[in-house]
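The next part holds the structures, each set out as structure tokens.
There are two complexes below, and they share subunit A, which is joined by subunit B in the first and by subunit C in the second.
Right after this comes the complex of A and B.
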């Protein structure tokens, strides 16, 4: 309890306290009351960062869980016992350092100094090269593709563990009743794997709301602030601009957002399970 | 309902306790400026940007050469920190009153200003006067420091760079281009190069600052050398039409494709390579790039084919081309709390020898007098040195007087300005919003 208090609670309360101050260790701190909290509502960059964070979290959660679920179904129903090698290969990007993966994707989508494989493919089919990192809209999709590729192996294994727990007898009786293919998935697999699916969604949404390293390494939030999530804006505000108080206020906002989303998902899952 | 109210009532003291704890914890740490005494250090500690090796190498050379006696009394001890997290490290050290004896003063002039406001820096002007070495810093560097730090001197100019447009003499001759002296002539030269299939301007759009340098220089040439000081003082705004005109001029170069395809993805070394391999005709850069220009392995067009153009005048403008853009590289500061007699001896030796040692061993022009003549300087370096000697008034760069937030906004949006993803009005509006005047 003492260790937990020291490493978890003290820093949290410390950061909470900073929200009513402005300044940094060099110039000292001044009490500003609610100013930092109020600034959150008028700062357009917070709005942009919040929108980006939510968009990224929703798209990536859907992507990660769907692709992971698809892969886990592939492991269980098609590859079966031969899935070991494929599972290992698909899981491999999870253990790679984020910076290495970001460099890989920068090279894949590059237009300068050399044209990368993706643009070469576009050229092969007669399309012009795209400067993927020149606009927030295209850079967003590169981040999404990279992060899905990086994490799909983890979600596939997580969901696979849930699927192998479904008793074989359930499938056999369903098959005897004439269920197969999509019907089997819809009426047996999805309902019985709902708990692990919800766990995956909670994992994913909380992880993606706090996205930091992949964006920092791939686009550094740019161009401009078009791919800047709340975490990166918080980091820049605190450590680049030396505004510890306002940075802590952004952190508080992010914490509340994560709590609300988790509560929302828990409530939805409870309702669904009772219905099921 | 009653249960919910009871629960809420129980929560009130808990929330109040959390609030008080948070406030107390933060209050305890809310130190700020401390005017502690001096503690004599046992080593001459130097904290450097990891990316900058020339200052470290010059200091190491001094420690075994001209300053060996000072090094014996107080041994040099170098540590490094990546530039991206450097300011954070300085904040931590300053907060603990544990700044090294000598250190790079941060990524923006504002960091040194804050440290000085907190009473943590040595007054270098006074320290040099006490050592009878007031003339150690050259006048042009002194003028740049005055402009950067509101007339005070608490940093050492370990570089003195002038900036301008470097051009490929051979490409200019082949395309019948005269050296441009006005902005219109510059645009005309770019047009000819573009028509000949050469990238007119090679530029590092990934970092953005080489693009915003063009905006800043245009403002100085059009509105005069004090134009950005007025913005910093709140007497003018970047959103005023005469300032937006500068962003429009640079955006126009981008719209015509004069920065080549995919400027957003071009980084510093790629831009350098484009120029040094003859793919680009012009390159806005500082004189620190002389090391690359003088390196035959990098410079395939030959150092003799590289020329320097001061940023051209804008017709009818209040500025002139001899007001070269200048900076003092990575200025160093001395910690007040460790400034002892031994450190003062080091400073004296540094002031006497840093200029010549850096030029001799690193090929870097500094803001210090070259007390020992350096033989066999490459002609291009000699040309720049002459240019510096002739400079009477220098101007700063676009973000020099802005806070870190406005500087970041400016540089991260620069590529969007030249690709047309952001209008000149919106660009200036975004930067002005973060200046906060």
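Right after this comes the complex of A and C.
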């Protein structure tokens, strides 16, 4: 308890304190008042980073949950009892270290010194090789693909657990009423698995807003700062440029963002549930 | 003609398995290739000599992989032990014992899950710097413990909730003190759950990059993840073999743990997510 308070709670307020200072522990602090907060709104890099974070969070959340949901439907309705082995295999990337996965994907999408498998595949179909890490737009998609690859098994198992809980009688009576295939999914499965769907969305957004490892290891925010999320920008400001105060302000902004998004989803999901 | 209708499903499953397994297989083949093979053979070619272990030797000698692994273990094991001891005790205290301010403490732990790690990074760095702890593995151990606690406490509290209250009431009547109850009744009853939680935390700590990167300022303190990140730099861009070998060691280490305990890992990770 004491340790937790010391290491977790005290620093949160300490960090709040930092936002009104400038400098770092080695050269000392000077009081600057609201300057750091104001700087947040005028710094174009913060805007870029914020935009990237939001774009990434939205694309990845949609991707993760959709792929995961598709997989879980596959597990439940198509593989049925035999899905154990496949579930286990697809879940495996979840426990892999991010750095290792990032290095692997760097090599997979590489163009020099050796043409990686992905570009080989493109060549095979007649397309030209793409230098994936040369522009922010393509690098962004590599990050997204990598993170979906890494997390799809996780969301599949999470949603699978929710789907298995739906009582078998529901399907039987729906089939008797003449529903089948897509209709069954649309009217029975989706409404009944809404709660677990919402919790995975919340979890996914919370995780993706804090993205750090995969971006750092895969592109290090580059080329330029086209793939720099808020977390990485904060890290660079604090430790590369030694501006602790400003770094704290960015961290504060991120925290508030996470809380707001979670609250927002929580609110809207609750309203939907009471209506439906 | 039932099997004809099932063909699309099999195609999806096959594609899925290829997408998950092939990158890993490619990684393994890469670790046995010589530099010459990397540059001249097509990327999907199998290594010419499956017993070529030079890359592994190189990774351990020039790459210091051994030291990185040792550091990872030295940081993970104590942090894991502390997290579990404090987490289980706190979970027990919050769920079984009745005291004033219980709700507030629970709320504080909940807040701990939401706040991103970046928020507490800078103050912690200052504290460690001023107390002279930088330059040891202690900052890692302390920080991992603090960050792992909220989730552990929550999961443990849920498990203790499942234990009937009557058992503890009976123990009180029999004259057992609260410590006795914890050690002789509470602890054994949730032993399985503790194991699951420990496994989940192990993967979190082992795969962490942010904290390890921030608090390791000397080469001989790096954990395996930070070490890997600098691997490409150390060997220059061209030496693919040793990098592949090092990634392999990292990936297949976790793979082995996962293969033996996959059901538990899946259950634990998703349980943590729903509550978080």
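Methods note: the second predicted complex is superposed on the first by the 272 of 276 C-alpha atoms of A that agree within 3 Å, B and C clash if a C-alpha of one lies under 4 Å from a C-alpha of the other, contacts with A are read in each partner's own complex, and residues count from 1 in each chain.
Convention: contacts are C-beta pairs under 8 Å (C-beta built on N, C-alpha and C of every residue); 3 or more make two chains touch, one makes a residue touch a chain.
All of these numbers come straight from a predicted model, not from anything done at the bench.
Contact with subunit C, but none with subunit B, is seen for A:154 once the two complexes are overlaid on the shared chain. When the two structures are aligned on the shared chain, A:63 is found in touch with neither subunit B nor subunit C. Legend: residue contacts after superposition of the two complexes on their common chain; A:239 is shown touching both subunit B and subunit C.
By the touch criterion stated above, A:199 is placed in contact with subunit C alone, subunit B being left untouched.
Looking at the shared chain after the overlay, A:229 reaches neither subunit B nor subunit C. Here subunit B and subunit C are compared by how many residues of subunit A each touches, and C touches more. Touched by subunit B in one complex and by subunit C in the other are residues 10, 14, 18, 25, 113, 239 of subunit A. In the complex of the two chains, the subunit B residues touching subunit A come out as 18-19, 21-27, 29-33, 85, 87-88, 90-92, 94-96, 111, 114-115, 117-118, 120, 261-262, 264-266, 270, 273, 403-405, 408-409, 412-413, 415-416, 419, 421-422, 430, 433.
The residues of subunit A lying in touch with subunit B in their complex are 10, 13-14, 16-18, 20-21, 23-29, 44, 110-113, 129, 131, 133-135, 220-225, 236-237, 239-243. Within the complex formed with subunit C, the residues of subunit A that make contact are 1, 3-4, 6-12, 14-15, 18, 25, 71, 74, 78-79, 86-100, 103-105, 107-108, 113-117, 120, 149, 153-154, 157-158, 161, 196, 199-200, 203, 206, 209-210, 212-213, 216-217, 231, 234-235, 238-239, 244, 247-248, 250-252, 254-255, 258-259, 262.
Note for the complex: subunit C touches subunit A at residues 9, 12-13, 16-17, 19-24, 26-27, 30, 38-39, 42-44, 82, 86, 90, 105, 108-109, 112, 114-127, 129-130, 142-143, 145-147, 149-150, 203, 206-210, 213-214, 224-226, 228-229, 231-232, 237-238, 240, 243-244, 247, 250-251, 254-255, 257-258, 262-263, 265-266, 269-270, 273-274, 276.
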